[in-house]
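Two complexes come next, and they have one chain in common, chain A, joined by chain B in the first and chain C in the second.
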Partner chain A sequence: MSILTCSNLTKRFGSTTALDGISFSIEPGRVVGLLGPNGSGKTTFIKLCNGLLTPTDGTVKIDSMSPGVETKKIVSYLPENSYFNDWMKVQDMLAFFSDFYSDFDAARAVEMLRSLGIAPSAQIKSLSKGTKEKVQLILVMARKAKLYLLDEPIGGVDPAVRDYILHTIIKNYNPEASVIISTHLIADVEPVLDEVIFLKNGQIVLHEDVDTLREEKNMSVDQLFREEFKCLEN
Partner chain B sequence: MLGKLMKYEFKATGRIFVPLFSALLIVSAVTRLMGSLRSTAPHVIGVTLASMLIAAAFVITLILTIQRFYKNFMTNEGYLMFTLPVNTDRLIWAKLIVATVWTLVCGAVVSLSIAIMSTSDTSLLHIFRSNADWSMLTLDEGLFSVELIAIFLVTLLDGILSLYACMALSLYFNKHRIAISFAIYVGMIILFQILAVIAASIISNANISINEGLRVFIDTHPNGTVHMALLLALLIIAAVGAAFFALTRHMLKNKLNLQ
Partner chain C sequence: MAWQFDTDRPIYKQLKERILLKIVSGEYGAGTQLPTVRELAEQAAVNPNTLQKALTDLERDGLVYALRTSGRFVTEDKALVRKAKDTLAAEVIDQFLDQMEAIGYTADEAAALIQHTKERK
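On to the complex of A and B.
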């Protein structure tokens, strides 16, 4: 059974259509790249899955349920923005996650903090932007969720940490769980992807298995993306 | 889950309120001591400082009530709060209960501070002491007290919920939400004033014919009539609060659009 299904999912903001009737489903155990240029609807899609926006039309179902309290228990979400209360310490956030998510593995989070050299007693206010992103990603990946929705997880960190994070993503999650990674840094995420979805102006232009793509088109996802979204030169 | 939400709400607000209220009580005690020692200059400074702290206590209570809702729900922190496995009602209740508790604590601390500093016989403490024999209250007086306290509490909830509703309504707009919330609040106050004037003029101009049975009831049960009037008032105030709550919930559930 699919972990995520959307049918004719549409979101309009006034006269702007951010998502234009997209339909697809994701099976358990897949790592999916949600790829597209800025403004293609990636973040809107992820917000709809989290119940942070209400669809204008169509539906999105997670484990056959509409977004709500029950889906939030099984979805681990990394937003683009930092959502910390600045006055908290890193360990306060661990306690917060332990309190609210029964699938949060605090010991694993502590272990990941240690390997990235972040002190649990550090005040969040004192952390750099990149370190805040790392802490947020650790909190999200230390949950044993069924579906991970990662919005630009590697945007603000250096390449070494980027590798660690991608390694964490493929290594630490439960093999039955699915991961959706939205990004435009395709070359970096390509090695971990099972399938890709290309979004363009709120529509799906491609949804394919990565191996099939490579065989059929004889191109890497990165090359294909550059081809698909080529900007016209004068 | 409500308990956990409230725990974090108390943590987030307590780190400001606890030092503030402690400072006020300490300054009041020191001021009282200086007064007893007939040390004029320190006493005057103490009274000035305490007065400033009292003003600050009220202003900060109001600002934190607004800021906790706005920042936690309508800015980036909303990404965390609205993806917790908790329903929207509980999120609002946690904020509402904690804000109400702090407002009551603020009132109590300010009263206590004034009582500590007052040296004359008319001090608040004296008033409480002289009326301390609560067992003398009749049943009716007891009921009136309960009704008035209930009206006071529900009015306080209304006040806080009206702030929440105005902020939530600003979700219809993508920019300048703080200014828009304020404008909505002012507009709402004006609207309520107009409604009150209209209602008052309708009632005073209407030829209300009270039927004989009701007149007899009022004459023979004057206390009962007041009880009923108070309960009616309580119901109306509670209905207004429920409307603010429903509006806030609707906006947060369906119109949320975090930037």
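On to the complex of A and C.
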């Protein structure tokens, strides 16, 4: 059964259409790249899945449920922006997550923090932007969720940490759980993806298995993306 | 260290080639157990589903077999491994000859050159 299904999902902000009637589903155990240029609707889609926005039309269902309290128990969400409070320590965030999510594995989070050399006693305020992102990703990945929604998880970190993040995604792989990664850094995520969804102006222009794509087009997903979204020359 | 891949060819095919190379070279000896999908996927830094697909392909070719409870093993059929090795060698030679032809050598001239290089060493 699909872990996520959306049908005719539409979101308008005034006269702007951010998502224009998209329909697709994601099966369990898949790692999906949600790819598209800036302003193509990636974040809007992820926010709809989290109930942070409500659809103008159409539906999105997570494990057959509309986004709400029940889906938040099974969805682990990495937002684009940090929501940490500067006065907190890393360990306060661990306690926060332990309180909030029954599927949070604190021991695992501590282990991951250690492997990246981040002290639990560190003040959030004292962390660099990249380190904050790492902490946030660790918290999100240390949950045993059914669906991980990662909005630009690798945008602000250096290549070594990028590798660590992708490694973490592979290591955490669970055939029951799916991961949706929104990004425009395609070359970096390519090896870990099962399928890709290309968004353009709020519509799906492509939804395909990545190895099928490489086989049929003899092109990497990155090349295909550049082709598809080529900026017009003048 | 993650394995390197050509990005314009299916990754599962390249994974299959890598694992096959380890089998024919004896790194994964006949009858030995392969690392788990998870371990191999981590090593290669690829999606476990993709790795699974590569192993399934090797299974279909008979080079690898799965036991329900204890994992995957390299075939004990040495003749089959030998055949895979020969096929691989033939491919490498074909490629080499194509390149030599592009430079302007016939197959015979290329062979003579190899002999010559070998003697000099």
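What we mean here is this: the second predicted complex is superposed on the first by the 233 of 234 C-alpha atoms of A that agree within 3 Å, B and C clash if a C-alpha of one lies under 4 Å from a C-alpha of the other, contacts with A are read in each partner's own complex, and residues count from 1 in each chain.
Note that contacts are C-beta pairs under 8 Å (C-beta built on N, C-alpha and C of every residue); 3 or more make two chains touch, one makes a residue touch a chain.
The shown structure was predicted, so the numbers you read here are calculated from the model rather than taken from an experiment.
When the two complexes are overlaid on their common chain A, residue A:Pro79 makes contact with chain B while staying clear of chain C. When the two complexes are overlaid on their common chain A, residue A:Pro191 makes contact with chain C while staying clear of chain B.
Once the two complexes are laid over each other on the shared chain, residue contacts for A:His167 go to chain C alone; chain B is not touched. Once the two complexes are laid over each other on the shared chain, residue contacts for A:Gly29 go to chain C alone; chain B is not touched. In the superposition on chain A, A:Phe100 makes contact with chain B only, not with chain C. When both complexes are overlaid on chain A, the residue A:Asn218 reaches chain C alone and has no touch with chain B. By the touch criterion defined above, A:Leu52 lies against chain B but remains apart from chain C after alignment on the C-alpha atoms of chain A.
The contact surfaces that chain B and chain C form on chain A in the two complexes do not overlap at any residue. Of all the residues in chain A, the ones that touch chain C in their complex are 29-31, 163, 166-167, 170-171, 173, 187, 190-194, 210-212, 214-215, 218-223.
Listing the residues of chain C that touch chain A in their complex gives 2, 5, 7-13, 38, 41-42, 44-50, 53. Chain B contributes residues 1, 4, 7-8, 12, 15, 72, 76-80, 82-87, 253-258 to its touches with chain A in the complex. If you check the complex, the residues on chain A that touch chain B are 13, 47, 50-54, 68-70, 72-73, 75, 77, 79, 81-85, 87, 96, 99-101.
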